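Data block below; observations after.
By letter and in written order, the chains are A, B and C; residue numbering begins at 1 in each of them.
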Amino acid sequence: MQNQQIKQLIEALLFVAETPLSVAQLTDYLLEHGIDATRKTVREVVDELAQDYQERGVQLQQVASGYRFQTRAELGGIIANLWQEKPPRYSQALLETLALIAYRQPITRGDIEEIRGVSVSSQIMKNLQERGWVKVVGHREVPGRPQLYATTNEFLDYFNLKDLAELPAIPEPPPKASNTGPVTQEQNAETATDESESAP
Amino acid sequence: MATSSSPPEQQSLPLGFVRGEPVIDKPEDLYIPPDALELILESFSGPMDLLLYLIRRQKLDIVDLPILPITKQYMEYVEMMKEMKLELAADYLVMAAMLAEIKSRMLLPKPPQEDDDEVDPRAELVRRLQEYEAIRAGASHLDEMPQAERDLVVVHADTDAKSLVQHQLPEIALAELAVAFSQAMAQAELQHHHQVQRERLSTRERMSRILDLLQTTQRLRFAELFEPAEGKQGVVVSFLAILELVKEALVDVVQVDAFSEIHITNREQVYAESTD
Amino acid sequence: MQNQQIKQLIEALLFVAETPLSVAQLTDYLLEHGIDATRKTVREVVDELAQDYQERGVQLQQVASGYRFQTRAELGGIIANLWQEKPPRYSQALLETLALIAYRQPITRGDIEEIRGVSVSSQIMKNLQERGWVKVVGHREVPGRPQLYATTNEFLDYFNLKDLAELPAIPEPPPKASNTGPVTQEQNAETATDESESAP
């Protein structure tokens, strides 16, 4: 077998093998197939191949257990996108739960359920807490001592807010005639209202 | 057609494959040792294959299909197959019947007036043999094409890129949050008749912050909750938050003596201590 | 991004992709990542890569569904040995059936049986379909509405072909004698394919 063929064969073997191949393994493999090449020759061929691929999109890399072809490190990020799946979307239930915690904190799960008219799944509360957007800040002293949820600094960071006052204004529901607001009204354009009616 | 393009040595064409080995030559004589016969019969992929073999063995052109000797030889093979491999014979018997029919039509004297219209009774079989021969060539082309598993390996390079794949979390836009809030509230308006109104945010936020602080510290000095830097509005917000928390029974405001420092304690802590 | 980097990226993508990639797919991928390259540029890069690998142990091959890197066919057996025990062998009956479908598609099982003079084994049809080489593309509008079979891109990929025109030619089917069926049958068959091909 000619030198060029041996080189082609070694190149192909390195590409086909599922694990890195050492010079010794390559030499043995050639011998088994009746191709007489010394380790020295094989090493030279491997070095030559590494040289050939220096500036290519894949490179011949020596790792602990031998040589393998791998993609050029700089391309990693962009190649990763081949396997990158599209980000999923949150459910309406989660969005509403988060919105209620953000706008009406501290709030219990019961409060959320009362407003939304449906039970809040534990998975949603777990998601929000794992995401670091929501945490328990205390308990309401009523029977069952329900946990009170509030948003976190991570939540503000995510939405690029300095504080909750920067949350977009929500169109006000029509005010009730009987409702009497506190005196601070002139200091803030938004109405501060008594919580007692909505708090259980 | 096929014969003209064949090499002069007809026998050098593989006539079939026996256990993967091409059968180049076959005994001219019909007498074949039974074991070998079995192998040869297995090597035919069907009656057309056998028929084609018989024609080629005689170095004859398909279009001059020598129906009499071919039928005779074919029948002898079928007889042997009937003895040995009955389950194979059905398709071969159909062909045998067809050959017999063609043979009998060839032997019939033709009424002279029908000469123009009369089709050679062999025509249909010849057409099928020609087409079968073409397909056999196609099959051997396919066999010779480089095949993905036999002759080549599709290769891949290793890549660390997979480890760079990020588990993506869902994204939310701030506007979506506002919409979700109004949707939840609209739902509440429909479901409940009591009033649910927008809370002044800064107060609610301060309430959260105070509660949060009390998670780590058992008691807070009242003064600690007022940041002079926040100005008058900040003081009002903190004060309202404390009042709100007291009203919701979330914190206690404790003053040991008159004019001593006021402390805010977590009701939770008190509760926990008292139950111990 | 510079031309050399685009070339490296395309090379790396072709090496890591799990399926062959077409010029269109590559172009879209680059666009998605803000790399503005026309199809023409991508095609040129791919051609250049194919050229670069001409004499190497692996080669860039165009098959029906795109471009893929594969070992040099001449190295064949010695490479295949490395990773699998025995390459599959296909029976004469299977090859003839496949050849009929490939060369005479769209074709019914009845047509195949007529030419081969044997009933087509269900096992062979099942094998061919399971391998993804053959699929039903319609029905012939004759009594019984038999299924019409055709080959797939996977078939072409497996046999290292860009398209069916690359198959070595075989003699045209001889014309049927006038008494063997109405001519409309063939026209029907053709219409059926046209429909089924535009359908997916």
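As a working rule, a contact is a pair of C-beta atoms (placed from the backbone, for glycine too) under 8 Å apart; a residue touches a chain by one contact, two chains touch by 3 or more.
These numbers were taken from a predicted model, which means no experiment stands behind them.
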| item | value |
| --- | --- |
| Most centrally placed chain - per-chain CA mean versus overall CA mean | B |
| From chain C, the most remote chain by mean C-alpha position | A |
| For chain B paired with chain C, centre-to-centre distance based on mean C-alpha positions, whole Å | 16 |
| Gap in Å, rounded to a whole number, between the CA centres of chain B and chain A | 27 |
| For chain A paired with chain C, centre-to-centre distance based on mean C-alpha positions, whole Å | 39 |
| Multi-chain contact sites of chain A, meaning residues that touch two or more partners | 12, 15-16, 58, 69, 71, 75, 79, 82 |
| Multi-chain contact residues (two or more partners), chain B | 153, 155-157, 159, 161 |
| Touching residues (chain side chain C, partner chain A) in the complex | 4, 7-13, 15-17, 29, 32-33, 55-58, 69, 71-72, 75, 78-79, 81-83 |
| In the complex, chain A residues that touch chain B | 12, 15-16, 58, 68-71, 73, 75-77, 79-80, 82-90, 92, 95-96, 98-100, 102-106, 114-117, 131, 135, 137-142, 145, 148, 150-151, 159-161, 163-165, 167-173, 175-176, 179, 182, 184, 187-188, 190-193, 195-199 |
| For the chain B and chain A complex, residues of the former touching the latter | 153, 155-162, 164-166, 168-172, 174-178, 180-185, 187-189, 191-192, 194-205, 207-208, 211-212, 214-215, 232-233, 236, 240, 244, 247-250, 266-268, 271 |
| Chain B residues touching chain C - in the complex, by the definition given at the top | 1-2, 16-17, 20, 43, 45-49, 51, 91, 94-95, 119, 123-124, 126-128, 130-143, 145-157, 159, 161 |
